[in-house]
Amino acid sequence: MLKITRANFLPIEKSEFPELCERKGIGHPDTVCDAVADACSRALCLYYLEKFDRVYHHNVDKAALVGGTAKPEYGGGQIIQPQYFLIVGRAINQILRECSDGTNKLEYIPIPTICIETQREVLSKIFRNLDLNKDIQFDYAVRPGSIDLTGVFDESHHSEEIPLANDTSFGVGYAPYSDVERITLEAEKLINSNKFKDKCPASGEDVKVMTERMGNEIGITVAAAMISKYINDASEYVSYTNQIKEAVLDLAADIIPERDISCQVNVADNIEKGIIYLTITGTSAEAGDDGEVGRGNRANGLITPCRTMSLEAVCGKNPINHVGKLYNVLGTEMAREIVKRGQGDIIEAHVKLLSQIGRPITDPWVNSIELIPADNVNFDSAKRIAEEVSAEKLSKEYFFDLRKRLIAGEVQVF
Amino acid sequence: MLKITRANFLPIEKSEFPELCERKGIGHPDTVCDAVADACSRALCLYYLEKFDRVYHHNVDKAALVGGTAKPEYGGGQIIQPQYFLIVGRAINQILRECSDGTNKLEYIPIPTICIETQREVLSKIFRNLDLNKDIQFDYAVRPGSIDLTGVFDESHHSEEIPLANDTSFGVGYAPYSDVERITLEAEKLINSNKFKDKCPASGEDVKVMTERMGNEIGITVAAAMISKYINDASEYVSYTNQIKEAVLDLAADIIPERDISCQVNVADNIEKGIIYLTITGTSAEAGDDGEVGRGNRANGLITPCRTMSLEAVCGKNPINHVGKLYNVLGTEMAREIVKRGQGDIIEAHVKLLSQIGRPITDPWVNSIELIPADNVNFDSAKRIAEEVSAEKLSKEYFFDLRKRLIAGEVQVF
Amino acid sequence: MLKITRANFLPIEKSEFPELCERKGIGHPDTVCDAVADACSRALCLYYLEKFDRVYHHNVDKAALVGGTAKPEYGGGQIIQPQYFLIVGRAINQILRECSDGTNKLEYIPIPTICIETQREVLSKIFRNLDLNKDIQFDYAVRPGSIDLTGVFDESHHSEEIPLANDTSFGVGYAPYSDVERITLEAEKLINSNKFKDKCPASGEDVKVMTERMGNEIGITVAAAMISKYINDASEYVSYTNQIKEAVLDLAADIIPERDISCQVNVADNIEKGIIYLTITGTSAEAGDDGEVGRGNRANGLITPCRTMSLEAVCGKNPINHVGKLYNVLGTEMAREIVKRGQGDIIEAHVKLLSQIGRPITDPWVNSIELIPADNVNFDSAKRIAEEVSAEKLSKEYFFDLRKRLIAGEVQVF
Amino acid sequence: MLKITRANFLPIEKSEFPELCERKGIGHPDTVCDAVADACSRALCLYYLEKFDRVYHHNVDKAALVGGTAKPEYGGGQIIQPQYFLIVGRAINQILRECSDGTNKLEYIPIPTICIETQREVLSKIFRNLDLNKDIQFDYAVRPGSIDLTGVFDESHHSEEIPLANDTSFGVGYAPYSDVERITLEAEKLINSNKFKDKCPASGEDVKVMTERMGNEIGITVAAAMISKYINDASEYVSYTNQIKEAVLDLAADIIPERDISCQVNVADNIEKGIIYLTITGTSAEAGDDGEVGRGNRANGLITPCRTMSLEAVCGKNPINHVGKLYNVLGTEMAREIVKRGQGDIIEAHVKLLSQIGRPITDPWVNSIELIPADNVNFDSAKRIAEEVSAEKLSKEYFFDLRKRLIAGEVQVF
């Protein structure tokens, strides 16, 4: 059921309630969980495809990152107890294959090995100062799924047919990013870029950016785990956090120049009392914080309480028929394409997709698109663009392509 | 900053997009995680209060419920591998006390024992057919927090002073429940009531209710784990799931009589192929599913994608200064009180609260209330009610009372 | 190769080196590991037999009992952190069965459930004051064996044929018990008898008895975990440990009346300094000690450094072809039977059995029997008795009967 | 009590019972546990010494090495599930220190980090083909000891005083090695030497050598885990195992030339059936076997059922006052020195040492030395040598030196 309507709300840039937006950076415990969970799903897909030429049922969308215990000090410090990463889920771990001679043979999928290797690989890419051999332990609790669910999955995966939705679920997307959202996203990317780290190695990867806007005033609050071995005293600490602040302000001046910007870094610090955000490894998980999958950024990289959000965790879900994953990504891609094709005529596009268990994923039960056309733009022409995009994206070809891109890790999911 | 405005959107009962609502029942893996996490926080509070006359820093808002492996069959079946429950978090585990003779003495808080006992107790209250001695394992990974965070917490907990917000965070609440929300909430409660279980012991506690409304048509989809030992064949299975369906339809006829209702139970079943939702223990976690904290119901008991929602997990957070918990509960209680005092004059109230780290919790940085007055009702009179309620709820007395009620487990948080 | 010789050493009662003997009581961490490991093997045997009418390969002869943390006090105290029991081993966990319709079906053996239930059951029988719901956690790491070993096992288990030895291994047995050994064994049994516990509930099950003899002087040292809730002060503590001492002395006066006996209980105590052996649960594993399989009593219930001992852990090994188990039990039973039939003519019998991998278990590679005939007894008549007994015990019938008794738990193995 | 006697048994080389001896090589699961446990104790000692200038109480003499699941194939294969190593024990993990300003400060000892680093380091030194990042997981369960035991330990460690025995315990040693023992020990060392591995990389580190002697015939049985990636087919497999056999035979011809030697490698192999001892990593723990501390070699590197053996695990125990460790090493060093000083006059020396809890370790309760003088040698002169050596070794200086050597890892303990 496609339904395209004119939005009955104001564009976000004009909304009255203070706009609020947050990004948990790539080193935040929740984001680390998301990254590992999704990488595990991708690694499983690749293994299944390589060995069996198809993907088997799996769902590794849960994890626990248990923070460690640490005693950072200027110039160094000590990890007392390592972090512990547990990936949790379901995956088909053996296949009963008929051999050419008529006998049956069990083939084993090395789920534990795949998970552990993936955890390590993902963390090695995220962190520059985490010793994977002693600062963290890797563990897995990925068990074979129920016969029941496996059956349902199988029916929709055998062939080149359109998969059936695994659940009744809700996905959502919108475009474009607001100024607040852009600066939130880009500020984190900047701080975690190699370029910035080269200049400011004392800045860790666990960066949380929270931005709020009231009228034209935008306040950016950065919580940045600083790395002790590069910092010898309080004045160096202050100097490095200031470097972060300056970089963010420069970025904002560049990408949202009309806004009135302020920026604070590590507001809970109390330098005199020695309360600072110092870590050995660059993440709060070394001592103060834990993580789970699905508790941080949505598929577009942000937490946006002023926008419609889905609670569905996207990461770790299989990319074949798990609508909790597919419809959130699809919604965002649809909205972006609509705005793009509008060439300025469409101010905002909001897409809500509702699946029904067992229904082909190309045929959502509800496909609701809300548009905000630009002033003086005819709604019908905007609507036609949306119809066009919707038809394209809800095709078998699109889903097969999306699947490939998801497995290749080319789609942002956190 | 208090800001009370007239909502620029329609009442939910009149909204055009299909209304959607979900409740994960008390036996759903995510809800079980929420229940245990919050019970652990309450148990810690009680222990700290009893021994030290104050609450110490803790945050046990993460968990992993790893599903087991099982082979249910009509009349019984077999648990192959138990579930595994890991509670994750931070808690002060030792206090250095000065004795009267001037010496120092370390007192230990038995965090592991408290957690394990609480897990067991909570699960024993939820499940009627889960053998806690062999169908599940209990584990803990609750470590001492960072010295840093502990310090911040301490400053705001010593005395009868108003705590300072632990974070910059966002809470939200609204009232009243829509018809869809009421039936979703009540249907789950009914199915999990002792009364219904007495009549239909074959119905397990892992019940998921998903309701959608298009115009006046409301469709209720129930996923109910059925219990194998009470079910001898397919016809009994069908008869028991029909019992659930009838009970829900009767309830709906009673509480939302004007609606056009349909109800389906276990839609993924395929009786002929033997694909049914059969379990030994009454929960999908015995074989097919896993859980985490904060991935299910919001503080008002529901997942409501059509409403503004906070991603914050409420369960397991400390009830002293964790605004992620307090402001979500507060928002809901404020909205309910406003609507109640409106005595029909206020159709809907929506409250959004934004804290700032270090600011007194009684003084949110943003306190935005949106109201939908009834037709012919003067907005200003509605606004006055909201102002009054807001002032009452943001008092020290209210927070101290809320803390007590939270510790006593008297407040709905999932 | 049977070889029966006259021993070239003195009877133990006449040996010059101080005789030394130890028994780790049923509540000692190492003994608990032995008890659980062997019970797990028995439970697996019973399950395999019930479902498949044969035993499948398994070997669960490893475990770790990680002690907890506790703070006992007169009258009570507190468990800070529970004990943790991990059973470790190998067991066939799935069988690919051909069905009557020609299809194949995988049948799962619930190894985890069997292990966890057995752990709980064994501990509930050992301890009177250990709360299995909060003082200890149960876990398992029993994995499928290598295809290789499984194959070897299978060849020798299919039928009613004589199994082939799984390894080149050494077993040993002797008879009779010396006075020192009898009192060591019986003292522990007495202290852990229901009768004694009724009189002295303050005595826990973790009892270690160490006995040494120099000439006619026998010194018995008992380390007995005392239970705090039954003991209100130091004088009660002393009174209860004295009760143990008196009971042991009475027993010794009864069963080895000619010896000059002394007995000490908890020699490391220093009452003035408050250093006493107080526990909440009756075992040192609550705080001070850990356990493993095979680190305590040999198959005859004792540690006897003055006798030839096998290092092989008997507990947890399969009773079909694991000579590390069978030959130690067999050696002891042979020696006992030889002495018994000797009717006083044979003072001591010592049996050493050496298997060779792949050789029928009824045909040990070496079967060496050393005898000490009584004075004036003809060695040849003693030898004939030994030959007779050896032939009987090395029969297929004997091994099949031994297997049954082992599975039924009727044979002492620790 | 020193007691030096003439042995009432024959020299081992003349004993009638088939001599039997076994060495579990450095890659055997039990030996790996021993190696890690002892390395952890040494690492703890070094840490304590560096930070606090004394050693604190610890005892890490338990561990579980849970074997993995693997599917080796000629040329490679796959690890399905990694091994899991759990080190178990007790160690003081925090010290309450008085600061110069009168305040107290808790200092934390990073036990978990020390254990995990040590596990990894030890395994990296043992194995050439084990990927420590994916073939094995490292874990720890080392908890603070009981206040009780800690107290006892402390009394004997404060200063330069002679420690008191921690237990009533038994240690044993003898010299020299018999021919069987020498070849057993040296064969394993040879096969695991870099030189041999360079020539025969297909040979893994999990080598078990079992040797038996009947009269002059010595049979050596080697179980050698072969490494799949270096072996492409059955003929290569046979060629490599033959290489091991030839090397052992050459060694025997060299060091025990008068003996009649035979050697078999991997006797359970059945090449036709494809049953061979193939591994990916060089250890049976990848799939078929598990390990514990104290279940393998005694302190002299061997399992010798024909000799008096202590069941005490030496590895992982603290080197300060744990007589279970000290007296086994001491016994062996005493026996060796006696034989050495005998310059051919003393054929064998056997030392048995018995401690008593609380007695100075330099003053064993029983110190029994049995000597076999050479023919025509006067027993009294042998006795004088033994007295001399005994006095030297039981000195404070000797124990302090032994402690240093143990901490430095210079003493063979497994």
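Should a chain be cited, it is by its letter among A, B, C and D, assigned in written order, with residues numbered from 1 in that chain.
Following the convention adopted for this analysis, a contact is a pair of C-beta atoms (placed from the backbone, for glycine too) under 8 Å apart; a residue touches a chain by one contact, two chains touch by 3 or more.
What you see is a predicted model, and the numbers here were worked out from it, not measured in a lab.
Engineer: Which chain pair shares more contacting C-beta pairs: A-D, or A-C?
Structural biologist: Most contacts of the two pairs: A-D.
Engineer: Give the label of the chain whose average Cα location is farthest from that of chain B.
Structural biologist: D
Engineer: Using mean CA coordinates as chain centres, what's the chain A-chain D distance in Å?
Structural biologist: The computed centroid separation for chain A versus chain D comes out at 50 Å.
Engineer: Indicate the whole-number Å distance between the mean C-alpha point of chain A and the mean C-alpha point of chain B.
Structural biologist: 24
Engineer: Just how far, in Å, is the C-alpha centre of chain C from the one of chain A?
Structural biologist: Measuring from centre to centre gives 55 Å for this pair.
Engineer: In chain A, which residues are in touch with two or more of the other chains?
Structural biologist: Expected reply: 69, 71, 81.
Engineer: Quick one: in the complex, what on chain A touches chain D?
Structural biologist: So the residues of chain A in touch with chain D come to 69, 71, 78-82, 108, 110, 112-113, 116-117, 120, 132-135, 137-139.
Engineer: Can you tell me which positions in chain D touch chain C when the two form their complex?
Structural biologist: 3, 5, 8-10, 16-18, 20, 62-64, 66-71, 81, 84, 86, 88-90, 141, 143-149, 151-152, 168, 170, 172, 210, 212, 221, 267-268, 273, 275-278, 284, 287-295, 303, 305-306, 308-311, 313, 352, 354, 357-358, 366, 368
Engineer: What residues of chain D sit close enough to touch chain B in their complex?
Structural biologist: Listed in rising order, the residues of chain D that touch chain B are 96, 104, 106.
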